[in-house]
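Think of it as A, B and C in the order they're written, each chain with its own count starting at 1.
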Amino acid sequence: MRKGIFSVNGRREEWTYHDDDVLLDSIREAGHTEVHRGCKEGGCGCCAVLLEGVLVNSCQVFTASAEGRDITTVAGLGTIHDPHPLQQAFVETGAVQCGFCTPAMILSSYALLQKNPNPSDEEIRRGLDGNSCRCTGYVKIIEAVRLAAGRMAAHDE
Amino acid sequence: MKKLQWYFPDSIEEALTLLKGGKTVPHSGGTSLANRGLSSVSALVDTARLPLKYLRIDSGNLEIGANETYASVADGLRNILPGNLLIESLGHATSTPLRNRITLGGSASLFPLWSDLLGPMAVLNGEIRAEGKNGGSYDVFAWIRDHSLQRETLITSLFFPDAADWISCYYRETRVGFDYPSFTVSVLARINGKTVDTVRIALSGGLDRVVRLKALEEALTGRDVFHLSSVDVLSMASVPFGRKPSGSPEYLSAVAAVQVKRCLETVLLQEERR
Amino acid sequence: MTNERSLVGKSVKKIDSLALACGRGKYTADFSVENPLHLAFFYSPLAHGNILAIDDTPARAMDGVVDIFHSGNTRSGLFTTAGQGFPEPSPYDTRLFNSRVRYHGDIVGCVLAESVIQARAAAAAVKVEYEPLPPLFDPEQSGDPASPRLHDGEEYAPLPVPYRPEENVAGEVLFSFGDVEKGFAEADFIADETYRTHYANHCAMEPHCTTAFFDEKGRLVLYSSTQVPFHARRIVSQAAGIPLHRIRVIKPRIGGGFGGKQEVLLEPYAALAAWKWKRSVKAELDRSEVFTTGRTRHPFRVHMRTGVKKDGSITAIALDDLMNTGAYGAHALTVLSNAGSKVLPLFNKIPNVSFVGRAVYTTLPVGGAYRGYGATQGYFAFNQHMDGIARTLGVDFLDFVKSRHIQEGETSEVFKAIGEGTEGVSQIIRSCKLDECIDRGAEAIGWARLRGKRITSGPWVKGVGAAVTMQGSGIPKVDMASASMKMNDDGSFNLLVGATDIGTGSDTILSQIAGEALAVPLEKIIILSSDTDLTPFDVGAYASSTTYVSGQAVLRCALEVRSRILSVAASMLDVPEEDLTVEQGGRVLHEASGREVSYSRIACHSLYTRNQFQIQGSASFCGSESPAPFMAQFAEVDVDRETGKVRVVSFVSAGDCGQPVNPTLTEGQIEGAALSGIGYALTEEYLFDSRGRMTNNGFWDYKIPGILDLPVMKTIIVPSSEPSGPYGAKSISEIGINGPAPAIANAIYDAVGVRMRELPLTPEKVLRALQSKE
């Protein structure tokens, strides 16, 4: 067993975890159940988080290797009382069906827009290529990212 | 649940000391270690704090630190070596979150059958540079032939001599967009007027993991680019495959040859690939 | 009431979507319960065998192990895991722990331990000795006397339906009218073809999960990722032997179902273990288990023969389906029935029709409910077969369909003949805008520009193909839904429904229907769905029933509440009820005097002031018909002649679902179904080794389409109005998955002239077909 400090959505937390635990299991155990377990093989992206601002599959990261790092989940972007423009856009375009892929999908979109505030449709697809969704057929997800990008750009001007 | 010792050394020397004994192995991206088991491992040496994150280009020679990720290499090269084969191969491998995590060191340690690094290494004449017990510089074929080279050894960088100014083409055979490749084709060429100065062709994913198609290279070198149409690429590019979920050995062998031909057409005849 | 609607037909935001987008939606695995134990299963490593001995002693001694359940220590009665109405039309052919294993992955037992890791470790340490029995992999050989019988004990069908385990027959449908032989004799030619479809998985992103705990009264509460909470409660009671009144099933947010969670898989085990140890229990499948132990789409062999005259009239059609149900008969009869009953009525003017369907056991994974439910398999054959006939006749496929498909005011013998475990129900189609779907879809895909043109670019050849389909809206006279509602002080309403939102948006559209009927904005409807203690009964989310059946229950319930509101208002204003109207925003108006009262005053009046009672209502609905949605789908593909690769460039769906209650959600259903259907057509498949073990039970090698694979996707909603539906609505959730495979296959034919009769349409198969054509 190990003990370590992690920063989740800007808050310092101390976790106890096993030497070979992966971040997905540890972060869920710590109560951040918005990080979803879809396959644990890097194949669906439902567990994606930002690690030091970089999008990763939390099932592919050993907890021990993330000690002391900043982790962002979708709850760190916005709340139901003060949603992030991406969260808002996903809601407005109908990009959320069952919602299981949504937190990670929004984080991927966020990571993309951080790097590329005005992505083409092709770039949106590339940025979200690791996140599977079985409900929407992605059409409205692409629309949501486009909508949010536009709004965020307008806001920044 | 397994007892594992974790080390976070700051220097290569320290890391090498820790690697002594054999049951301790490096941990880089963790994307393989997290999936394919830690059964023979009792301790991990995390490489994150080692000074192995760099991209250096020096008179055409490219050196990439082992801790650079697929994503960081593709992004970095876009600025310093636009058009480089690695941008295409590593920049389109697997998925965004995995590319952010997979390191060149971890990849070069494994060189799995589905590697997007293997073919480019073969055509770029890349070298694996390592320190420790079997420290040295290895070409990719020597390296993959002998897995025992990896004992108590740390890959520190990949070195690509003469990496600039190539025309290149990379193809990865996949079933859907986010997939590992059943095979990959890498082609590099330099063309002088209409004459093929140099051409290098590699196919990975077959029974031999990776091959350079030397006979085909020779048949094209020093000739007019249009000579391509009189060369029987399909039979010269035919290499044996094992059965894969994506197809039978015969099928994979045949379509790999087709894709070699198309890559050559793209590079030599500058045909836009669809 | 005017036709101007305030909520129905509006793309209001899905009511749970902000919570889900902010990570606040709780799924089954997200609930923390006190000190839970964890379940891990161990599975058969053989396709077929008898369990001779189970040695769990070493495993019991391992750290954290609390108990181990298996056939050696736990008896249970026969039941079916199929979450259907009671008695189920599926055979009772399994127990919680069978002493005989019937496929590689069959559940042998489970370990209960303090942690998941400990449970899994112990599960791997249980030693089971088997007597291997011969496997049966080929459904065509299931009836062969030399083949093993998979079910030769006490298995039985709880309904009087054909069930002959002695022949490995899990279900049978025989139906005919007219005289097909006579029809064939009159024909100028007979198209005679065989099509084959394959195993596929739902791949809902959330794996199956159940969390069990005890409430303060000692009742067992199950949070479960289920589409069928009420069936789950009943089946848990039956299989685990726990009194039904001691069980409460709560459906939290569900991470997709697509039919996979219409199966009561984990709940009985979690319940059994919790009940025995009086502790909380968590059971969660990992992805590989979802593939092997979860349910699948039944593979079919469809033999279709059609007699045609030179003038194009069809004289007879004979359908002979062989369905592989795998080791157990979950949904066997009903999926099989649907492959006929949802397909044959589409061309309702054929005078001679026969359908012979047989569902047979094999030692392979178990089939189950899967979006499309047999229609998907049937339409793969039907649309290609008809495309071929149209080509033989030299007529355009779309014209061919238009002059033959069922129209408003028409019926089909098939409706009456084939039901789901019972006789069917005769019905007249009262809304059908398929012609408009065809025309608008054809326009959007560029049919006239592309069809037959074989536009070529290097090795790539372009083709375009279409498929037409229909489905149903619930199972008539079987599926029942209910709703109840009460009015609060401020004129808001609690709406309680058994209807099960699994991500489809049914909470939203049912709220829209209620809000429409009561003339209040959406936020005044506070919906709670699917808790067997709190909400009234509903069969659950399947058979395309929710909008139509549950929607009708909600509408009736809301109208009942509305009439109570009017009667209270009448006494408050001292005017006759008939003179009152309900006005938008929640007011009741007496037009003649201009006087009005708000809902809030009405509610307070009845709660506190005079003749006190709570304004509330409840209603149930069970459809007497199942109006069909219709759809035309189109694929533009590029085929690589040198590699056999097929690229779907553009995909159009044009559907008639009656009045779309929420157009954005409607589009979402169609788009999701279409992309799933594209995956089913091209890349998704179960691969088996020679011992019947699935070799690709993970996303690494079971390839579902991702965002990079999305073609240009166009969705057209062709509105109609279904007289029997709530505000004119029919269903939409399933139908869109039926068309992609045949549309793509027809497009491949259009491009390169090969008829792909076997799914999936992998590059290797296409290349082989091209080569054997040359």
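Simple rule for what comes next: contacts are C-beta pairs under 8 Å (C-beta built on N, C-alpha and C of every residue); 3 or more make two chains touch, one makes a residue touch a chain.
Not measured: the values here are computed from a predicted model.
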Report back the single chain whose CA centre is most distant from the CA centre of chain C.
B
Report which interface contains more C-beta contacts, comparing B-C against A-B.
A-B
Chain-centre distance (mean CA atoms) for chain A and chain B, in whole Å, is 29
Cα centre of chain B to Cα centre of chain C, whole Å, reads 44
Mark out which residues of chain B touch at least two other chains, giving numbers and ranges.
1, 177-178
Per-residue overlap in chain C, given as positions that touch at least 2 other chains:
700, 704, 706-708
Would you please write down the residue numbers of chain A that are in contact with two or more other chains?
41, 125-126, 128-129, 132
For the complex, which residues does chain C have touching chain A?
11, 13-14, 16-27, 29-30, 32, 202-207, 253-256, 258, 284, 286-287, 502-505, 664-665, 667-668, 671-676, 698-700, 704, 706-708, 710, 713, 715
Touching residues of chain A toward chain B in the complex: what are they?
2, 18-20, 22, 41-42, 45, 48, 54-57, 59-62, 64-65, 108, 111-112, 125-130, 132
Taking the touch rule as given, give the residues of chain C at its contact with chain B in the complex, in rising order.
115, 117-118, 457-458, 460, 642-644, 679, 683, 687, 695-696, 700-701, 703-709, 762-764, 767
Residue positions on chain A within touch of chain C in the complex are 31, 33-34, 36-41, 43-44, 46, 73-75, 78-80, 83, 86-88, 90-94, 96-103, 106, 125-126, 128-129, 131-142
Chain A touches which residues of chain B in the complex?
1-6, 27, 29-31, 33-35, 38, 44, 46, 48, 94-98, 100-101, 177-178
